[in-house]
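Following this line, the structures themselves.
The two complexes that follow have chain A in common; it is paired with chain B in the first and with chain C in the second.
Right after this comes the complex of A and B.
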């Protein structure tokens, strides 16, 4: 017994020492892997935890990018072609873990980082990136707050949070006939959702809607009945959910249970996620969603071709339709590749400068960052679930079908 | 007024569902003095089994939950008999560690087998509602509530009137004395754990029918069960029901009258207040609460 206890203690001590060794700070240079013919980029990904679903979609986007880039021989750095190798670590959907993983990548000499899923994780990572002189391309952190802190080394390929729900309001104002008059926003209480909710309320006010008081519930809530119950008496024409998938599904399910029937539901992140239709079935019909990207997006590039080709590639590789979570991740990876090629170096400072100056077309959108690192000129799209499929209805220029109005049935 | 009544009805129905989630947790804690941190994972596992039965065999979740209960009972019995039983005499930290590890294993296993995709068990009726005097009573939640009440009453009857129930209660009160009376504690413990996981599985199927689930939901169910068990109190089979209903009502009223972001803070505030005046929980017995050995 005594021997086994000593053995166990010794094993724990040995493992601890080994782990401490792994975690020690190094002063590695910024071009990890370059000498071995590979270009290593670090990615902390939410593979488990509350945003695991979105995290997996993000990883798929990164994986397709790696495949496409390597199929073309890799990343051209000066006169060398380096194979792209993205290293993944699971951040369990937790911001503090995502931030410490960025630190770990730095310890391994990996200075180029692809963002985790979501604004909270990305915001935590951005601070570490700045401190370590790393560079990050953010694929899914849309909260304007990330870019309001004066950081110089984080670049987001996506439209800012304030545009998410506002785009749905704009679409309804432009397309719905007869035009609805009242709007209420139901929002999760995380930074991203609140920012999106504020954007929607402001847009609605500017467009002449009667805007009811925004109702908040905890981020990740699966019971939003109290908020629905509160707005039921006012009978709003449009209910906008500034939410993630779990809360978005709960709004539709519980509104049905409580008999809350507006003319349309619109939600930010949930409807473009494939699980939205599979979990809600026919109750998903008519719901509007804002999307960073749709299959009808204009633009193309040498690696992914057009948006339609991108969708076909995702379908072939992952057996589901391409969602914007996939596309924004691939676009972030593409931005890195183009910037590294333009810089002709994997040095973090040079890549940072190249990203700041990047202005390139892609299947996703024009990749161009403003002074704070946001891709602020990129437009959002609005989709509607029609016949179980996501169909682009706004902006009119890229619409695949007309808006079905009203989007609900009594 | 309609809004208040609607919030109350919904809160009560939600409370019944929460009670069903927590009743097994409370049972295991009360009888075995094990705070089972893997309880939430069994709830989600039950939801997945119910979902699988529905998608593969087209079985209605209310029928399927009988099979779910059987499957989860077997798993729970085996887990207790061959795993948790190894440390059941150890300090509470050891059982906490073991069940926490089990939770990680189960959640990760479900992530691998079922992926992290959100799922829901579709029915044609669960989302519909009966309208009574302007109040919507959702059918799925009503059925879940009735089931929760039924199961709690049945559990009370089984515990009070059957030989196996009395063996469970006796082992919970004094394992040594129970052994001297010829009760096989190991079997009773495994049986208790099996019943708890079966109930967790049934609750999971209900949750999957009226809402959505994925493996990441497990931790939330464990936390909720913990709060409800403490709120209701240990050693009384009605404890989880009382705790669950109070939790449901507090959340519904809190969300209706205050900001919805306050609901969790409010639920814990109620827990603190209850514990200040009734340290053994609302209907719990002091003997069970005082047994925690560190």
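Right after this comes the complex of A and C.
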């Protein structure tokens, strides 16, 4: 008898849950917080997991932005000043969680979202943003793929992936004398690196270089000698590595062992990483690298001032030099603030339109988005390791020193 | 109301409870915001995954540490056929499950000859190897750059299901896994599985075709995991080999089964719901230390209840002793 009673109670409970719920479902009220004098922006970031380091740097950039904006009284919306309040959630460096968090923010009525770290996470988020009619400013997803899907509600402050290695080619073409003639690209096989490699090969072709066939090796490889041996015979003037730190270090080390000596090495994200110089020591000298932002970037704005001031603020608050991960995050937050003020509203659709029309200078770069939402007019900076330090050599407007050419010694 | 005799309850009670649970899940959906729907859908996904691992790892005692290979394979089968051949999701889904099952048979025949750690390591190797193959089949899978299932426009054979749609699909898969587990656990086949777990040589000696039983179980487990993987691929839209073959997914399945109680019907469900719910709650409330807290809780749970919650309750009821310390002593930890 007892069991039948349990069963009956459970059934009634289940059915009543099913019935009472009908029609009550929906989204929480929009414009979260605007009425209470705060402006809430949701940020899903990678605080744990494999990109936790970069995720924390991104969060620092957002935090500094919030501090700077609130120090000026907040965000001016119409005739009200709203305190900026960025809500953080950890996406554990996983795209599925990052996408799920955007949905959860939407439940809370938070329509304005700052992007996670990395292209995979941002791409997953962008799809959800579009479905929920939210708006996102992407701070670190540079893969062109994110912007190739016809999304209308995601805006990236970065130069796209195709510019990473292409900017090095452009710098060499403009600055090197005598001008080199042949280029080869060595690339890791992940999506981002491949896209950057394609961009470099295309730029080199357009600039009249002889371009050898791109060589691929696995993402994370520590042995790239096979690729180097293949290109050794044709003795290219410029070797471009579309790589991460590990492969970037391997190229320089193993090229030396194998006697592959081009006029210069250029690598995408490895040389701007502090570990690059500490690992390679003297061998790092003369290597070119590309960076989204450097401390000598031109431009300034009312909140952060110049790039130099930005660096000083990061040093004061977080006790380390400002890196481009910090800067791009602050710039994304700044783009949001400027667009909201211009729209005079926190309504997602109006903010979206204001972002699409934004054209404002900043410590990071001009903030201006093209038809697909990329900041395609922004140049990448090219740095060279000179005397163990990163020095900006290109674009000329923000150069700290002249290019040392050739960048290698026989 | 008709009297329910203990025998009748034993025969039909669990099924009735399952039905009530499924109805409650449908009712719950109407109560949730759309983001919560997605979160709960993920719980159902893990219920289905834990139940499918339980078949091979719990009942049969073959701890497959490469179970994610079926998840990834199912996912890539669906993504590739939907992208390149413009298949409907509803065609790709069952065939993805079958493809994963077929793969389980192919690798199961040699691998299931290994036992214990050797089997665990071998399956882990197969999963890692398969991921490398998927990465290197660039033209088909998009390699490391991932593959995007068309969900809008003319190329999309099936419209994106949305959070509500995927909730129902994952719920259906969890119910399917539960049905299969329920049927298997009460059948002769299920007794053969348990016999293999307890003593494989003795099982063979009493006339059980151990190879056939093991391979079939592995295939069944692969089928369910593959179905879940296919659904996950469509839900995520863009998938990468890194995540689809992430060893963490296998580890989660194992931990959920172990905490809930392996070799039981209810255990994996309790484990999956508890762990997913807990990890989500911790993540939302302790943004910076949630993984640390979750880890500590899992360690404590495994130390106090090495046999899993369901098995502990069963034994405690039989012995009339609910003391956790006595339980730890019994398992000599």
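Basically, the second predicted complex is superposed on the first by the 315 of 410 C-alpha atoms of A that agree within 3 Å, B and C clash if a C-alpha of one lies under 4 Å from a C-alpha of the other, contacts with A are read in each partner's own complex, and residues count from 1 in each chain.
Keep in mind that, in the parts below, a contact is a pair of C-beta atoms (placed from the backbone, for glycine too) under 8 Å apart; a residue touches a chain by one contact, two chains touch by 3 or more.
Just so it is clear, the model here is predicted, and its values are computed rather than measured.
In the superposition on chain A, A:48 contacts both chain B and chain C. When the two complexes are overlaid on their common chain A, residue A:215 makes contact with chain B while staying clear of chain C. When the two structures are aligned on the shared chain, A:103 is found in touch with chain C, with no touch to chain B.
When both complexes are overlaid on chain A, the residue A:249 reaches chain B alone and has no touch with chain C. Using the contact criterion defined above for the overlaid structures, shared-chain residue A:127 touches chain C, although it does not reach chain B. By the touch criterion stated above, A:194 is placed in contact with chain C alone, chain B being left untouched.
Between chain B and chain C, it is C that contacts the larger number of residues in chain A.
In the superposed model, A:95 makes contact with chain C only, not with chain B.
Shared contact residues on chain A (touching chain B in one structure, chain C in the other): 47-48, 189, 218. Per the touch definition, chain A reaches chain B in the complex via residues 47-50, 52-53, 55-56, 93, 189, 215-218, 220-227, 229-230, 232-233, 245-246, 249-250, 253, 256-259, 274-275, 278-281, 283.
If you check the complex, the residues on chain B that touch chain A are 2-3, 6-7, 10, 14, 107-108, 111, 115-120, 122, 127-129, 131, 136, 138, 140-141, 210-212, 214-217, 220, 251-252, 254-256, 259-261, 263-264.
Across the interface of their complex, chain A is touched by residues 1-4, 6, 9, 13, 16-17, 20-21, 23-24, 26-36, 38-39, 42, 135, 142-146, 148, 151-152, 160, 162-163, 232, 236-238, 240, 243, 283-284, 287-288, 290-291 of chain C. Put simply, chain A touches chain C in their complex at residues 1, 3-4, 7-8, 10-11, 13-15, 17-19, 21-28, 47-48, 88-90, 92, 94-96, 99-100, 103-107, 120, 123-124, 127, 131-132, 145, 149-150, 189-192, 194-195, 218-219.
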